[in-house]
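Look for chain A in each of the two complexes below; its partner is chain B in the first and chain C in the second.
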Partner chain A sequence: MNVKTKWWIIGPMAAVLMFWVLITVIPLYWMVIGSFQDSSASASFKPQMLPEVWSIAPYERFFMKTKALRWLFNSLFVSAVLTVTNLFFASLAGYAFAKLKFPGRTTIFWVLLSTMMIPAQVTLIPLYVLVINIFDLADTYTAIILPAVVSVGNVFLMKQYMSTLPTSLIHAARIDACSEFGIYWKIILPMAKPGLAVLAIFTFVAHWNDFFWPLLVTRSDEMRTIQVGLASFRFAESTDFGAIMAGATVGALPMFILFFALQRYFLQGITIGAVKG
Partner chain B sequence: MARVEFRNVVKIYEDEKRGRFTAVADSSFVIEDREFVVFVGPSGCGKTTSLRMIAGLERQTSGDILIGDRVVNNLHPKDRDIAMVFQDYALYPHMTVKENLSFGLRNLKRPKDEIERKVAEVANIIGLTGMLDRKPRELSGGQRQRVALGRAIVRDPQVFLFDEPLSNLDAKLRVQMRVELAELHKRLGATIVYVTHDQVEAMTLGERIVVMNEGRIQQIASPTELYNHPQNMFVAGFIGSPPMNFMDARIENGQAHMEGVSFSLGDETARLLKSYEGRNVVLGIRPEHIYGDDFVPALAKSFTVQAQVQVIENLGAENLLYFRVGGRMVTARVKPETEARIGQLKTFVFDASKLHFFDPATEQRIGT
Partner chain C sequence: MQHPTVRSKPARSRFMQFWKDYGWAYLFIAAPVVLFFVFTLYPVVSAFLMSFQKYNVLKSKWVGLDNYKLMFNDDVFWKSLKNTVIFTVGTVPVNIAITFVLAFFIFQMRQSWQTFFKASLYLPAVASGVTVSLVWLAIFDPTPVGLMNRALSLFGIDPVIWLGQSSTALFSLMLMSYLGAHGSGIILYLAAMGGIPKSLYEAADIDHASGWTKFSKITWPLLKPTTLYLAVTGVITSFQVFISVYLMTQGGPNFATTTIAYLIYQTAFVFYDFGVASAQSFVLAALIVVVSVIQFKYFSSDIEY
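Up next is the complex of A and B:
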């Protein structure tokens, strides 16, 4: 859009966008504000834009009454491990599907893709039986992590991304006596950073926010993730809205940090300069 | 350094889209030690595939490839002792110039001081000593090209492979790099295999040129030989700019008859064309061997054609005049002082000693 675009075009567009921003931001704002005031105020039907009395008491109650720190650690641990495994395996498989020639490449890829058509709910019960009854992994990190070590969606994403990287670089590296794994590790991965960043954010967020699977396979209070923990806390302490808001704020915070830390990768194409366009 | 040999090399692609496709058909040749050989031809002629088979990036369907005295069919690219410069440079974008240059040596686990020394040497050769810490995106097109060149030189390979290395540069830089490449070849004394679709590059750089078309080698010869004795109409038409003119002629009683003009062939040529008596041939002549009637040098044998000038292209040092003989458009490269107007009926003088004859069915050269 050029600078001279008229105000009657900009004006309505800005209004629509502002409205959108309000819809998105108000619940978050409310959550944060609610976590700093006492419970009766945060449950009120007439919400206040700012608390009359600022208080960190809700946070104290949240952390005192629950195993919140343990839940946060569990969520962090599970999400971090899954992010690393997904980055590694999805990029490895994506690279193979995009750039290596091997018999059955297309067939295997389509079989993998077709599994994306199956709704997660369909596989949930067999998966549960497998993990809990057969492998006997109930209430362990392994149970939460194992089924999500790599997702087909991520493999697909990485394959698409890797396809855009110039093949001549791989050939150059091969001539430069680089091993096949070396090509992946030293050439492909650094160039795939923007794609990996996107994948990291989505994977981390998805698993941080994951609720149903951790709920199914965990039993003890110690093994709960923050989302499962928050839900159980809500049922147990249904009147303490302040503490619930504090918990929700604590649960959402890492997502904001992650996004702002990695957002530049969305904007930056790292292959500029590799190949003349 | 080393020679490169192809023995009956065939490359067939089995492609889901195109089906069976012969990229290189039964190719045999020898590139001598320290020779600069250029593969030239239109796109899809199999020249790049040939180069990639030497590099080991593609496996031939049948036949043997030798580098030095070794059959390299089953050798990985890194074990073939070759280096390649790619059309798009293929510089590693996340590495500095220095890291790009040293990447191969580091992979070969060479000692650190040796790597340092070689990188410094090569940086000096390619004139980028002050830019070793820059990333490729901070360099101009010409500088990137030099880094790609440096990355090949630093490996000190037996054979250099160039895949259209100048095609991404602008015209001025291309001429400059062409001269530098020729100098580099002298300096390194290396065996160089160079692929291009640009016949000017081929003529100026190659000691010998391999002309390819549709997967087949058309002719292997020195630039002069290619220019003066093209083996078939494809080579004749591909080498030289503007390309050689072709005209249809009928041979009868030691004379060649074209539309509107007949001329005597002379004893020697008549002997050559004896078996074509009463048949058609294709007559070829280069544009510089046709003269306007106002500037004719002393010619041993010549004939004249009267034709209407259709188009005039003024190139400064020379003019190109286009006119029709029979159904074919013919180009004459004449002195700029030659008087000509579009539509003018002009007499053109053909140097009959510079004629080429081709069989219209096989398109092969008649005689030597």
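Up next is the complex of A and C:
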């Protein structure tokens, strides 16, 4: 950016940055490269930065010993459902808070927003009692999904985004006797696509990576998400370096692919909700 | 029955008019509002009541302040509080400094290089806490085979039992946080740096201001809102650090890495003492509120220019 800066200033800065990139990427490299080295092959096994012998035995062991395919499906299902519900309900509410006038609008919005300050640990125990004992939902998809159907953070993000959309189109549609839901569905949603894409990506990744709540409400091996499953595998097979790295890679790979495919949205999306607040 | 029938008609039509005007809006916000009542407000009130009860699924017993007394008399509670504070104080400022320096350097680069650095430094942020913890568990392997120990051996330093001894366990978790994902902070800083008007620097150049003056009088003050945001969210996350503790140390050795969030988990879901766990969670919430308020006060006091 800064064209005037001299090369002898830029050079060392670039070197520091490259060094830090290296430090950041090495753990991930170690994970992937470790997953292709069979730690059970010999007693004196030592994982290498560049292995001489490549092996897929760790992956075979990971998939043989666990229900990993089922875990992956569970994570995919839960994350997909939550992405759809969050997209719909957050954009609907965000639109109302940004563009519709109704008594209590500001108060309700700020009450909702203030709940983001409450640490999860406070609501956790009653939430657990509610979902497990009162609703009797232990070990079900519903238990994992229900409390996260729409997050306040996403409503906030959508409100911020909807505020930037032109109001004139909404007025025109209202004169044409479009119903309020029709306006949202036919006019607002198409205009909000870039914002919706960002919300979808971040919601999907967050729930794919979610650990604590699925850990608490799942009981059987079949109902675990990939993250909870990986954690259980770590305790069951704590000495099998290769297989644990294989599992960690399997759990992270879909997110890496998503990141490389949709990098632009990831990098731009972060600034949408944060600074303006 | 209390209302005379004569008055109910306009009242009803008033309601119909209100519904016609605002009904849609209330329907549109219904989902988050219902979720707020069921999954936030009710649990908060319930947790508050629970902290004064000996909880039982069938019938809870009121015990007054017993849970709080038990909590404050528990050495592990104080230890976990201390660990949490050390972890937070030891990581948040350092991570913000690292993030700031990296962002400042990236800002000097050409556009294409900016994208490369942003993307590669953001990468670990899409890996889950579980994945990251499992990888670092392997990196901190106590034998000479572990990656960290191999790095040390390059400098002729003997292997360290990173997570296995109380003197280094908490520091190991902090080290892992330093070397972790700073991507989103970097992106926020870069966006804010791009928003500083060039004219300010040009004016400073006319006055022959030094590089340091420009930094301390223009760049740093104008980036304060971003720094505040990173400080507040950083403190909140590090007060709640859990996954790495759960997967890598289980709070040990000898409670050296038991954080308050991990203690709450143990009290509630290992010992099933919901009352004491609720009391502990309110201490955590109070801490977060107090520290957030202090940060807002400190950062906003000299933000006017």
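In the analysis below, the second predicted complex is superposed on the first by the 245 of 277 C-alpha atoms of A that agree within 3 Å, B and C clash if a C-alpha of one lies under 4 Å from a C-alpha of the other, contacts with A are read in each partner's own complex, and residues count from 1 in each chain.
Operating definition for what follows: a contact is a pair of C-beta atoms (placed from the backbone, for glycine too) under 8 Å apart; a residue touches a chain by one contact, two chains touch by 3 or more.
All values derive from a computational prediction rather than experimental measurement.
**Student:** Touching A:G182, do we find chain B (first), chain C (second), both, or neither?
**Tutor:** After superposition on chain A, A:G182 lies in contact with chain B alone.
**Student:** In the superposed arrangement, does A:T24 touch chain B (first), chain C (second), both or neither?
**Tutor:** So A:T24 only meets chain C here.
**Student:** So, does A:A243 touch the first partner chain B, the second partner chain C, both, or neither?
**Tutor:** Neither partner.
**Student:** A:P190 in the overlay: touching chain B, chain C, both, or neither? Say first, second, both or neither.
**Tutor:** First partner only.
**Student:** Thinking of the overlay built on chain A, is A:F211 touched by chain B (first), by chain C (second), by both, or by neither?
**Tutor:** Only chain C; A:F211 stays clear of chain B.
**Student:** Looking at the overlay, what does A:A68 touch: chain B (first), chain C (second), both, or neither?
**Tutor:** neither
**Student:** Can you tell me whether chain B or chain C touches more residues on chain A?
**Tutor:** C
**Student:** So, does A:M13 touch the first partner chain B, the second partner chain C, both, or neither?
**Tutor:** In the superposed model, A:M13 contacts chain C only, not chain B.
**Student:** With the two complexes superposed on chain A, say which partner A:H171 touches: chain B (first), chain C (second), both, or neither.
**Tutor:** first
**Student:** After overlaying the two complexes on chain A, where does the chain B footprint on chain A coincide with the chain C footprint?
**Tutor:** The answer is residues 270-271, 274-275 of chain A.
**Student:** Which part of chain A faces chain C closely enough to touch in the complex?
**Tutor:** Residues 1-2, 5, 9-10, 13-14, 16-17, 20-21, 23-28, 30-31, 34, 46-47, 89-90, 92-93, 95-97, 100-103, 105, 108, 111-112, 115, 117-130, 133, 146-147, 149-150, 152, 155, 180-181, 184, 205, 208-209, 211-212, 216, 227, 230-231, 234, 241, 244-245, 247-249, 251-252, 255-256, 258-259, 263, 266-267, 270-271, 274-275, 277.
**Student:** Provide the residue numbers of chain B that touch chain A in the complex, in ascending order.
**Tutor:** On the chain B side, the touching residues are 16, 52, 55-57, 76-78, 82-84, 86-94, 103-104, 107-108, 135-139, 141, 144, 151, 155, 168.
**Student:** Contact residues on chain A for chain B in the complex?
**Tutor:** Touch residues, chain A against chain B: 106, 166, 168-169, 171-179, 182, 187, 190-191, 270-276.
**Student:** For the complex, which residues does chain C have touching chain A?
**Tutor:** 21-22, 24-26, 28-29, 31-33, 35-36, 38-40, 42-44, 46-47, 50, 57, 101-102, 105-111, 113-115, 117-124, 126-132, 134-139, 145, 147, 179-181, 184, 187-188, 191-192, 194, 225-226, 229, 236, 239-240, 242-243, 246-247, 261, 264, 268-269, 274, 277-278, 280-282, 284-285, 288-289, 292
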